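Order as written gives the chain letters A, B, C and D; numbering starts at 1 within each chain.
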């Protein structure tokens, strides 16, 4: 609830609807948190050896999604080129992490949930890209 | 929803009830996020000069609350002395940040909400301390 | 000194020379730290109002450069597509932050140093991109 | 070099000598980085199963030391009670992590170096505590 209130009372209102941007930020932060927890759950599994790649990608995905959430939460003087590039980084890491977690989804429920969260975050980033079209898009060549 | 599911499917179940620990972690992460946003909102205010101390404490509070949430989210091989000390750090910074935000609560709605979030996080940490009593507590001197 | 030792004793040696990768990681971490400090120094300036955009970009740049350093410091099971995209994000934010800091370089020595650190990090990322060519590069169309 | 320059050109000079505070901040950041790398190196070891506690404490230590460095790097409007509590948290986690890494120091060079970095950071925090005496210290009871 409070994230939405914060954006509503911000002296610079978001460039899109408050519910829409709040949902995006929440998705990024949730994916970051779920990845942190998946890395930790994998570390406690007996077959940790087989989950090494999963743990590593969970860590990268947690780090990148957290920063994506922070960037879009800040309303002050944003740089569009940075936003575009950060969305690409977030899409890349969510794709890699979802693919890896998916391999363990039958064995480990936490990997199944994490793959789901990564997929959702990836989709949210793809949708957000429409708001930040690359400067050359639509240009007559 | 997913944070609770992650803890429920973790190979090492939390030492307290899943809803209880999830609520605590959420409170820490929400306080971190609200502080990040309050710093950013203050930065966009015309009277930013008068909000400098608020921004600084918001940043510290965001950093410390985020780490507190991460520590308690990890279920693997926790160290109790670290948890105890981290709770103290979180209480100290929430107290300082709540007090500062409170001074601007009449002027800035985002400061009022942030003071509230800090107070709530502070109370949650105080309650969590009961779970991690200091080793000497109750010792006969 | 210790970062280099850590990479030298890692069970999976880096894919490039230890001095080269260590220098890159140091550049990212230093840029992150300098940006954090520049944001804080700007916040203490009397003309903070004129430095609002600088502070915001400093924060983004600190966040992204820190994650870039972390990603490349981890040697376990890296994902090349994520590395490529993260380098792009790092280049975008370093460019934006360097350009903004540069505007205040005559007035504020900390902005001059920060612009320098961002430029250096940007160049380091551009060089690192050669190690992670995009899959389509050089493909016969 | 640049961290020292940033503190020297900060509008609010540090309360202690620039070389002294810079050395402290560097020690915190280096310990954080070494812990990140040790967690990653452990993850790549064949006997990762026996290093699970080490990885977990490395992660906590990386998170807390990084925040300690950030807090003391910021010169604007610091809160002494927060600094005191954060030093305690940093001491607690460095102690736990050093003790665990020490157990694997004969087997893994990265654990030996990490234990050393944690011990050094712990000592630096203990020394820094003298600068932030608790309010009741020296009070006549």
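As a working rule, a contact is a pair of C-beta atoms (placed from the backbone, for glycine too) under 8 Å apart; a residue touches a chain by one contact, two chains touch by 3 or more.
Computed from a predicted model, the values in this text were never measured in an experiment.
Colleague: Quick check on the interfaces: B-D is repeated by which of A-D, B-C or A-C, going by over half of contact pairs matching?
Modeller: It is A-C that repeats the B-D interface.
Colleague: In whole angstrom, what separates the CA-based centres of chain A and chain D?
Modeller: That pair's centroid distance is 29 Å.
Colleague: So what's the Cα centroid distance for chain A and chain B, whole Å?
Modeller: 22
Colleague: Give me the residues of chain B that touch two or more other chains.
Modeller: Those would be 40, 43-44, 52, 55-56, 70, 74, 76.
Colleague: Which of line, ring, star, complete and other names the graph you get from chains that touch?
Modeller: Graph shape here is complete: every pair of chains touches.
Colleague: What part of chain D is in contact with chain B in the complex they form?
Modeller: 52-53, 55-57, 59-60, 63-64, 67, 70-71, 74, 76-79, 81-82, 84-86, 88-89, 91-93, 95-96
Colleague: Any idea which chain C residues touch chain B in the complex?
Modeller: Checking each residue of chain C against chain B gives 40, 43-44, 48-49, 52, 55-56.
Colleague: Would you pull the chain B residues touching chain A in the complex into a rising list?
Modeller: 2-3, 5-7, 9-12, 29-30, 33-34, 36-38, 40-41, 43-46, 69-70, 73-76, 108-110, 113-114, 117
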